[in-house]
Every structure is written in C-alpha cells, then in structure tokens.
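The structures come next, written out as structure tokens.
Consider the two complexes below, in which subunit A is the common component and subunit B and subunit C are the respective partners.
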Partner chain A sequence: MTKKQFVFIIACYIQGSVLYTMYYYQMIGNEAWIAFTVGALLGLLIVALYGRLCETHRSACLVKLNEEVYGRIPGKIISVFYIYAFLISCSVMMRQTGQFIAGDLLMETDWLLILTIFVLICAWASNLGIKYFASVAPFTCVFMYVFTVFLFLLILPGVKLKYFLPVGQRPVSEYIKTVGLCAAMPFSELSVLVILVPELKTDNEKRGFRKQFALGILAGSPFILITMLRDTLVLGPLLKSFSYPAYEVIRLINYHTLSHIESLYGTLLLFLLFFKSAVLFYCFTKAFAQIFGCQKNIVFTAFIAGLTMLGTQQIASSNIMLIELVKTRIIYVLLAVQVLLPVMTLCVSEIRRRASAERRAAR
Partner chain B sequence: MLYGLVTVIIIAVTENLMLNTYRSFGSLPDKVRRYNYILLWVSSAVIAGVLALGALGVPLPGLLLVK
Partner chain C sequence: MKKYRFLCLILIIACAAPCLGGCGAVGTKRELDSLAIVLGLAIDKADGSEDVDFENYGEESDRLLLTAQVVRTLATSSNSSDSESAGQGSDSGSGSGSGGGDLGNTYWNVKTVGGNILESLRSAIHVTNRRLYFAHNQAVIISREAAEESVAKYLDYFFRDHETRYDVNLVIAEGKAGEVLDVGSHLEAFPAQDLSKLIDRQRDGGFAPHCSLFSFLSDYEIPYKSALVPYVKVVKPDDGKMSPYLYVAGSAVFVQDRMVTALSEKQTRGAEWLLDNVNSGVVALSCEGSPVSLEIMKSSGGFRAEYGRDGCGGGKIKIKGSVRATCVVGEYQGKEHMDSDMMQKLCRECENEINKEIYSAFYAVRGAGSDIFGIGEYFYRYRPGVWKDISRDFEELYGNSELETDVSVDIIRTGSLIEPADADGGGYND
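Right after this comes the complex of A and B.
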C-alpha cells in the first residue's frame, strides 16, 4: 500500500459512513450539516492525535503500539477496549446495511439472511488483504463524487433554499451533542486504520501520518456534506420522517428519461457500506491476530464472522432502539475509547520517552 | 430460488475461505502451524457455541448491556 492509496482508503471509509446522516438528522434536523462541518474540524484534531501516535511508533500497529507504551499484558488489555469499540462500529454498520437492504432494496427479505451473506463477503474481501482495498479505493472514491454531484444536478429543480431555515433556535446542548456524535461517528472510528500503518510499503512512506489522515478527511468529508446539503434542501421538514434520507431523496428524481435511478444509486451505496464494513472486518481480524501473536489473520476470520453476526443481532432489538442507543450510549463509548484512550497513550508515551532521554543524558 | 442462490453463495464463500486457510498455513513451521490450527478451531468452536445458544433461544446479553 502506498501513501496515496492510504489516503483514498481513509476517504472511502468516511464515504462509507453516509448512512450515519440519519442519526444527525434525528438530533438536529436541518442544521445537521453545520454540526457535521464542525465535527469534521474536530475530526482533524482527533486524527492529528492518531498521526502523532503513528509517527512515534512507525513500525507498530495499534496492538503493538499499546504493548510498546504500556507493556505486554497491560497493552493487550488496553487493546481489548479498542476491539470492543471496533465491534460496536462494525455491528452498527452491518445492522444499518442489513436493514437498509431489507427495507429499501430487497423488500420482504429477512435481514438476518442478508446479514449472513454480507458478513461472508466481508470475510472474503478481508482474506484478500489490504491490496484489495488499496486497489479499489481510488476509483470508488472519485466515481462516487462524480455520480453524487450528477444526481445533485438532476434534483436541483426540487431544491428549496428556505429549508436551511430556521437556524440557531435549539438549545446549545443539542448542538454540542450532535457535534460530538459527528466527531465520534465517523471521525473517531478512523482509529481502526492505525492497524493498517505497518502495511505501508517503505519507511519513507511511514512519515507524515498527520498529513495523510488530514488529507483523507478532506477528501472524504465533502461527500457526506454534499449528501447532507442535498437531503436538507430537498426534504426539509421531512428529514426526520425517513429511515435513510440519503437514499430516499433519489426517488424524487424524474428528469425526462432518467427516473427510478435510485436502484442504481442503492447498489453504489451498498458498495460503499461494504467497503467500510470489510475494512473494519480486516482490521478486526488483524487486531485479534496481533493479540494472540499469529502471523496469519485468516486464523480469526471464522471467529470474527461469527462475532460480528452475533454483535449485529445483539446490539439493538430494532432500528428505533439503535437510533436511541447511538444517541445515548454509543457516542460516549466511542469517544471514551477512541479519543480519551489515545490521548492517554500519547501522554504515557511522551512521559516515557522523556524519562528515558533524561536517563541516557545522566549516564 | 432465492434460498437456493443463497445456499450456493454461502457454500462457495465458506469453501474458498477454508481452502485459503489451509493453503496459507502450508508455508508455516510445524510448531507455528499447530498453534494456528488450535487457535482457529478453538475460536471457531467458541463462537459457534455462543451462536448455537442464541439460535436455541437462550437469552444473550446485548452488546451495550441493553438491547
């Protein structure tokens, strides 16, 4: 994997979070795009933290990095917290995907059946390794931009600028919570990509991680922002009425011969969801392999497939419950594990580095 | 028809995964290979056991303690 491919993987990973927009809409409706923009700026700070950690431990993935900082056993215990957060992210993603397909693309099909196939295909992609993601990401990222902008142009006649209003009439706590949610999902989820760092080809490429993460965010976030602006300007007060506004809004396109284009868009959307889920799955297996000292990720493919299926079933009893859990619990779990823990790791790492430098100077 | 297709996909993917697993283990030294096999089967058995319990109707805890 090269630096550029890594940037595209980050961008595609963020694009794959496009269905998260429904949580933002549920929280502050038409002002969600503002919260997302602020969340992306916060995301730049969060990834600067990951970048700093990667630069101080260039050859280590997340698990080895924790072991280097905290020691062998405490490092593994800290890594288990990350794995718990990855499991939650993976379960939310797969639950969303399963219910999106069962609810909008293949209606009347049992979502558990869809989930089983989806998990198996993610396992297949994960076994192909990082080369697969690296080769697919650049084209997917660019193509999704082109297609989404094209659809935006087609839906322009339905746009109403008045839907941007009212602005600033909610309690401040709602804005803060939504910005926190945007920072947690998807930006703090980028911590999973720290596992991919040792896969960069040369030592020369293992530099400037902060820049790479930042470029990834700058390449991926506008996609979600364009989608949110489109949904807000077209659906307005109806934003909260749909489960997946990013998809439903495309149903409104009826431009000469171009109608029912949503089935094509749904397929492309599905590929983005698959990309993100498969990357999560791959990093998940790699983290487990690192914890147990295995060279082959494939050892844990079956286990992770079962675990993600179980997690996806057990995370919530319904889609409404999932939205409630995201708003009340998942946001805090993700922020605690994927922001506070790295801050703590960086502090401990710096203290240890300075202490060892002082010891060397004293000798 | 749909269930037939689904069965074919599931079998094809599972067989591919198993073949890949066996092929990739071939290049490992004996001791490492044994360790990998033990981990593979133990982890698969553990998760299969939990999934079977769920399928049999045993209530399992939610991922965030609530569901």
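Right after this comes the complex of A and C.
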C-alpha cells in the first residue's frame, strides 16, 4: 500500500460516515455543518496526538504500543478497551447500514438476512487484505465527489439560502455536545486505521503517517460537508424529521427524465458503507489477533464476524433506540477510549521516558 | 486454491442473490401486472353514506373516505362491452362521473373507508386483486371539510412510506374531493393527470399557487408560517349539454394546518406578487376607459419587516413590500396614440392594479390570522433578537401590522403594433 492509497482509504473511510449526519441534525439542526467543520479541525488534533504517540514508539502498532508503555499484561488490558470501542463502532456501522438497506432499498427482505450477508461480505473482503481496499479507494473517492456535486446541481432549484439561518441562537452546551459527537464519529474512529500503518511500503512513509492522516481528513471531510450543506439548504425545517436525510433529499430530484434517482444513489451509498464497514472489520480483526500475538487469520475473522453479528443485534432494538444511544452514551465511550486514553498513554509514556532518562543520567 | 476461492465466490453469490433480490420468497417480487398504479388520491371525511362498508378501527366521526384513481391496464371499449354483456357483480368503485358499472374508462376510482390513511389503503385489497402502488401518484386532493380540521396528520403516511413521493401536488377541493377524480377530462386520459397538468399550468397566470406535500410540511414546521394551497372546483354547466370540468383558481389559506379561508383569483395573485411566484400572466386594467391587457414577462417581489415601538409602549410590525414587474402591451382596445405619456399612464394603472391585488390579499390573510408571507419567519431567521421579544405576542402584533408597497412596472414593448388597431376610429373613407 502506498502513502497515496492510504490517504484515499482514509478519505473513503470518512465518506462512508455520511449516514452519521442524521445524528448531527438531531442535535443541532441547521447548524450541524458548523459543528462538523469544527469537529474536523479537532480530528486533525486527534490525528496529531496519535502521530506523536507513535513517534515515541517506533512499533507504530496500537496494541504493541500499549504493551511498551504500560507493560505486557496491563497493555493488553488497555488494548481490550480499544477493541471494545472498535466493536461499538463496527456494530453501530453495521446496524445503521442494515437498517438503511432494510428500510429504504430492500424493503421486502428480512433485516437479519441482510445483516448476515453484509457481515459475511465484509469478512470476506477483509480476508483479501488491504490491497483490495487500496486499489478501489482512489476511484471511489473521486467518483463519489463527482456524483455528489452532480446531484447538488440537480437539486439546486430546491435550495433556499435562508435555511442557513438562524445561527448562534442555541445554548452553548448543544454546540459543545455536537462538536464532541462530530469529533467522536467519525474522526476519533480514525484511530482504527493506525492498525494499517505497518502495511505502508517504506519506513519513511510509516514515520510520516500524520501527514497522510491529515491529508485524508482534508480529502474526505468536504464530501460530508457538501452533503450536509445540501441537506440543510433543501430540507430546511424538515432536517430532523427524516431517518436518513442524506438519502431522502435525493428523492426530491425531479428534473425532466431524471427522477427516482435515489435508487442509484442508494447503491453507491451502499458501496461506501460497505467500504468503511469492511476496513473497520479488517482493522478490528487484526487488532484482536495482535492481542494474542498472532497474525490475522480465518479463525479470528470468523470469531470477529460472530462477535459483530451479536453486537449489531444487541446494541439497539430499533432506529430510535440507536439514535438515543449514540446521542447519550456512545459519544462518551468513543471519546474516552479513542481520545482520553491516548492522551493518558502519551502522558505515561513521557513520564516513563523522563524517569528512565533521569536514571541513566544519575548513573 | 484460486479455483477453490472462485467456487466459493460463485456459491456465495448464488445463495445471496435470490435472497437479496427478494426473488426467492413467494409474494415478494412485484411484476407490473401485480400493481394497481395510483395516479391520484382524494381524501374526504366519511359521512356514513358510502357504498363501501369495511370493519375499520376508529370512531365514526374520524373515518376517512379515500378515493384512489387506479390505471386500468386492460384493453378498453370492445373488451369492456363484452364483459358487460356477460354480466358481472357490483363493484364498489366507479369509473366515470356518472357513477356505477362503466368499465369502458381507462381508470377505476377505488373507494375505501378507514380510520387512517394506511388502514384505508390496505383495505383496498377487499376490492382490488392488486396492491395499490403510489410511486406515480400525481395529486393528493383533500376536501375543504377535511382541510378545515387538519391536514398535517394525513401527510404522515406520504412521508413515512418509501413508495410515495414528496413533490406530489397538494390541492384542496371545494366540495367532495372524490368528485374531482370523477370528472372526465377533455384533453387527458385520466382526471388526476388532467388536474396535475392544470395545476402546473397555473404558473402561466399566477392565479393559483403551487404547493407540494413537501412545501406544505416545510411551511408547517416553520414558526407561524402558513401555506397557500391551490383550490379546485367542479363546474357543472347549467345547460347540461357540456360535461363537468375542473376549475383551478384561487387558493386555500391555512393557519398552521387548518384551512381558515379561501382567496379569490386576484387575491391569490396579490399574495403571489409578494412571494415572488409570479413569472408570467396578464394584468387586465382600464386606462382612460379603454380595456388594456399587459403581459407580464418577468417579475420579482419580496418584503422586509420592521418592528418598532409605538408611542404608547407597545410595538408595531411594518411590512415593506416591493414588486418589480416587466410587461409588454398584449392588447389595447382604445383609440389613443401610443406615446410616452400613454405608456407612463399604463405603467401607473398597472402599478395601481397590482397594489390593489396585494392589499386585498394582505387584508384577507391578516384578517384570517394566517401568515402566508412568512413575516414571523423573517424575524425568526433575520432578526432573531427581535424574534425573542415578539414571538409570544406575534399573533396579536401581526393582526395589527401595516403594509407599505413599492410597486414599479416597466413596459418595454408594445408587441407588433405601435398604433392601436382602432386608432382614430379608422381611416377616412372618401
């Protein structure tokens, strides 16, 4: 995998989070795009944090890094927290995708069957290795941008700039909470992609992965931003009413022969969701295997597939429950594990490094 | 190994494809001949006199009578006359305005009764052998009686279901909504199609607004904003020689989601001037006793609202509307020469006429307590600080608001004639 391909993988990973916008709208309505922009800037800081952490420990592998900082057993325990966060992200992603397909694309098909096949396909794709994702990511990223801009132009007659307003009239706590949600989902989820860094070709590329993450965020975030601007300017007061605003807005396109185009958009959206889910699944499986000191293989893949299926079914019983869970619990779990824990790890690492430097100086 | 993986792939696709497409399970695939394509839907309050009698949930007073206009894909005249002569049972829907038993039409109006929309539509399976398919629905017609109670609750089904579209025309019918779908069209094969095209055609005149399900619900969600919905009547000529026809003009005015009054054609256009929805049309006026028609080539309209304290410690909302219209002389039945003075007079008369329409509309909607212009929305979006002060008393403030207009008309052409056809009473005849 080259560094350019890695940038596109990160960009596609962020693009695959397009359905997260419904959570942002639920919290802050028409100002969600502002919160997302701030969340993206915080995402750059989160990535810088991981970069600093990995620079101090050249292994650049999240699990081994924790073992080096905390010791073997405590490090593995800390890594289990990361695994838990990855499982949460994977379950939310799969649940959301399954609900979307069952509710809007394949209405007559049983939801459980859709989920099973989706998980199996993600497992199979992840078994092929990172080469597959690296090869399709550049084209997917660019094509989705072109298609989204095209759809924006088609829906231009329905755009009303007044739907940007009012701005700044909500309590500060709502803004803070939404920025936190945007930073947690999807930007703190990028921590899972640190698992892919050892697969970069050269050591120089492995060392400079902060720049690649930053470029990936800058390449992928505008896609979500364009989608949010489109949804805000067209749906306006109905932003909070729809289950999947990013999909529902396309149903309003009716331009000469171009109508009912949401089925095509749904298919492309499905590929993005699959890309993100499969990459997440791959990294999740690899991290889990590293805890046992093993290489990723079919046994771990099968186990993670079963664990994901279980997690997806148990995480929420309906789409309303999932929205409530994301807004009230999952955001804190992800921020605690994927932001606070690395900060703590960095602090412990610095303290230990200084202590050992002092000991060496004393000798 | 490659062969093994390839075989596994084929096996997975073979197992997954039928399940994902829903092709395997019985009753999950839908062919065209298993669908009853609905082109129009009418919603009335059921009054107990309907032919249909289903066991439905809900109180008698809340029952709805739905009329769904379904496309008949069978061959028409010769086949239907054959089936008529063979004899058939009664059907609960009628296919023509005269009612009962006519199978020669290209459509069938299926009537169902129920406590809510989804229940009523599903109970159509008692009379149709196909499931109603709404993806091609073109109009939702609600009777005035139902609209005066509430409209938003009926729209939930159209937004919640995955088949229905949001850009479908919403229309209010003066009498029974189901009657509108019984009126045979002079130009189209289906009354629903005729109605939909009729509504789209109103853009040429500005005498009826355009309202879709999406725009109605958007307006309903905005604080105090109300919708303006086109109004349709069934006209039955007295002489009996001509068949009934649809007349779309005027509009239904809403407060929140209840209809409160109706505007005439000119009042509707008065409202549309300020809403910047007049793109075309004709302004008929009288200039020095002669009838004149000016054709609107383009126009732009809008308003600003201000809130100021009056001397007594209360507040007042002032609305400043502005309209710019560009017209050409379409017809002049006078004898006067067309010079610059005449053109100025025509401009002034046109401005007066537009002003009259605007003020007539404003006083009518203000009197009904309806904010179709979005005055409340203006403060909510552009003056949020002021909105915090006035939101609680907005209804009272709006009821006492004042309007000032600034209308400007430019007449840029006189058509192919410079002098009127009846100039100076004709030429001299020796």
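FYI, the second predicted complex is superposed on the first by the 352 of 363 C-alpha atoms of A that agree within 3 Å, B and C clash if a C-alpha of one lies under 4 Å from a C-alpha of the other, contacts with A are read in each partner's own complex, and residues count from 1 in each chain.
FYI, a residue touches a chain if its C-beta (ideal position, glycine included) is under 8 Å from a C-beta of that chain, and two chains touch if they have at least 3 such contacts.
Only a predicted model underlies this, so the values are computations on that prediction, with no experimental measurement involved.
Comparing subunit B with subunit C, more residues of subunit A are touched by B.
By the document's definition of touching, both partners, subunit B and subunit C, reach A:T109. Once the two complexes are overlaid on the shared chain, A:L87 sits against subunit B while remaining clear of subunit C. In the superposed pair of complexes, A:L310 makes contact with subunit B only, with no contact to subunit C. In the superposition on chain A, A:A302 makes contact with subunit B only, not with subunit C.
Contacts of A:I130 after superposition on the shared chain: neither subunit B nor subunit C is touched. With both structures placed on the common chain, the touch criterion links A:L120 to subunit B and to subunit C. When the two structures are aligned on the shared chain, A:Q169 is found in touch with subunit C, with no touch to subunit B.
In the three-chain superposition model, subunit A touches both subunit B and subunit C at residues 109, 113, 117, 120-121, 124.
Residues 87-88, 91, 109, 113, 116-117, 120-121, 123-124, 127, 292, 294-296, 298-303, 306-307, 309-311, 313-317, 321, 325, 329-330, 333 of subunit A touch subunit B in their complex.
Subunit B meets subunit A in the complex at residues 2, 6, 9-10, 13-14, 16-17, 20-21, 24-25, 28, 32, 35-36, 39-40, 43-44, 46-48, 50-51, 54, 60-64, 66-67.
Interface residues of subunit A facing subunit C in the complex, by the touch rule stated above, are 103-104, 106-109, 113-114, 117, 120-121, 124, 162, 165-166, 169, 235-238, 241-242, 248, 251-252, 254, 260.
Residue ranges on subunit C touching subunit A, taken from their complex, read 12, 16, 19-22, 25, 28, 135, 159, 162, 165-167, 214, 217-218, 221-222, 377, 380-382, 384.
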